[in-house]
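Got a structure for you, questions after.
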């Protein structure tokens, strides 16, 4: 039997200085976990502070959304960073965010890699280990939010850290329960009704209907909602309402 | 009677990536307090980690050398940063360094502004208050190392933080006990013998001979040694040896 | 008699990587001069290329909107950059933009400082001279768009460069014909009807009604329209339509 | 018969702000081609200006040493930059350097990728094509200095650009005439006498002795000298003296 409790996480604070991107205020009234950008792909200190204050006020868990150092590419360009450098960069970002979380009366309660680093750590053992070394350096111990079966989760478990699996209601899955690569047709679900329905199935039944039509088992403690598209906040609100209407408790994992 | 104890502080970790500047290893065997660059004017995460590890191993106190965000100008260009932004930037830097201090089994035990920010906070009340707001945000409570009588020290005291006064053995003083501005002739003492002699007078007698020849009272708990010039480490070693030979105990304030 | 011809300029290409700000496409169908961000306060190379291509296609003049190096502060924080460094930074930006202008079959035809640099060069002789030294280094010879009576225009004239005066239809003026500082009440005109009316008076009569109610003479060859506010493009279109309806020819100065 | 003329190129201007790395002044009295860093991995505008001035004064050819945008990693970390972005970034760098070359009375006369971009463009067709698209955008037409047989040279030839082959006197070669990867034992020749001897063989005979001992044909119009190691300038002077003593004319290709 599936435990009818789910976390909703979203990337927040992804502006930088004059530029804003995510509708932080609206999303912080829906999600239960905020993946806060830490300054390497987005997220200036003032924004980090504001998001932490608001998250703490509303009881939303604060996570460090760590990234390659790449403002120009928004952390979406895979980089061959030597493991030692990468570990130190990860720790640096977590430490910087921790200050604002604590100042708000909260704590950083998990870590999630962003963009190209997230994707690379699904398969790249060396970088996954470096990220986990960075998490370990930062103290914590911080649970690691990511894709089930990823090298990142393996490395976290090897280091004795908790792992939290997430699923994507707006992404197509294969029959093997893995994500259909973005470059393939049908990889992204754009129909809001479908996203809502899949969210409920993932949370209540731990299943998703694959691109080929099979019902596949996908266990996740958290659903990732996207925050940087128009209508993101409205869709997030619908997802949460339907989950609750379906008897799913929406609560942070941390 | 002057308490014959003095701290020696120096700016360290002031490289960035491929570039190095300060002779961290040598200076960490002389100084008692390391002002570690935190990434805004210098100091990449790997360097921060290495300096913290070495400082902790040798019992050198770790301080956050916070700066304007200005890698291209090495933090030497005064900037009109709005107070809220500046406070958040200061807290960010302290938090990032704290991670590496703790990972090394130590703690950040003080804060010292760098370069243009240091100079500006001597006179600029608004920026001084913003820096102290950043220090307060970062938790701590961190003592603030700086110039006696500066707006920075006033703001720190107003916020209930400890202040630590520093003096410069290689800078000329006025009869009023303030620094002769760098642009004036004779502002910088380059003769190593003079620097050593002035160090001992500052530490033992709390006095310095002014540019005009008067013996002036300058109370300081710490002497700032410069680490980015050729011969810096050798001069630092001489200063320390002569201080100890003169019966001054060299010890961190933190 | 006032020559009934006016240029409309706006800041464009002020995004960076994932972030966008100005509605470049819409504004490029209204303005006659595009102040293109060159990468120091905003403006990544891909955006610079796209804006130049579109500007060239539509016959809009391309100007280099040069700035302090300050992505985090969007170039709005005054910086004490030494003159030699500032001159080289200005030349660097112009050269980078020139590549994209030429690739589009056009040329950079003027230079305009951005944000804090613009404001500082109204009064600061040293920085104004450094900017002009940078413009001179870059070859050109580029006309300099700016505030009449500014140190920037004086330095440009001393260097034998053409100067082009601009006025602001959405800013209040003093009886002396200078801008009312932004921090003062009534400094910014937010009523669209007033902005349109003032645009016509500036273009047709070379006059503006001051905050105190006097009709003041303000000669300008260009009006600066703001591109980073909601409704900016719509207002710009109205301004242009009313100017043309009032018999003013809207044409680039370059 | 081998044409007894060779160019000597070195990476120069690889400091940034307060940090310096390459001994630009010494090397500019030895080499015939200066690969000038353009600000993305190193090279602030003031340094670019100074190196261009000195190069022009001494008749050294100025080339654009273009890189990934990666100051923290000194351009040594391979990055998955989308082709359009990469092309624009390359053009931006060339344009910025061109300003300083022209101000010095010279011109940018070739382009050479730096570090990870250089290595990646040996094999990666997509990035090689993007670099060449950037070179083409920048006008020129600029010859492309690189490894013979690289994807970069293929793409340059496809675009109708001249290619210039370089060899490395301090790197081991395979029997097939390709470089032994750095991670393999013996990949780098550190003995100065050997470097000098190999330089002469490469320039006079177009041959190199491979790691396995075979004499291999390697045709190159330019030898790359390294400028960022202690003794770099002294070794460069020896290489040049021995080449000239052996009857080789040392001259830029551009």
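We just call them A, B, C and D in the order they show up, numbering each chain from 1.
In this text, a contact is a pair of C-beta atoms (placed from the backbone, for glycine too) under 8 Å apart; a residue touches a chain by one contact, two chains touch by 3 or more.
Note that this is a predicted model, so its numbers are computed, not measured.
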item: Partner chains that chain A and chain D have in common; value: B, C
item: Result of counting contacting C-beta pairs for C-D and B-C, higher pair; value: C-D
item: Copy pair chain A, chain B: interface residue numbering same or different (half cut); value: same
item: Whole-Å gap between the CA centroids of chain C and chain D; value: 40
item: Distance from the mean Cα position of chain C to that of chain B, given in whole angstrom; value: 42
item: Residues of chain B touching at least two other chains; value: 44, 72-73, 85
item: In the complex with chain D, residue positions of chain B that touch it; value: 15-21, 42, 44, 71-74, 76
item: Touching residues on chain A, where the partner in the complex is chain B; value: 39, 44-46, 48-49, 84-85, 88-89, 91-100, 102-103, 137-139
item: Complex contacts: residues of chain C adjacent to chain B; value: 69-70, 72-73, 77-82, 85, 116
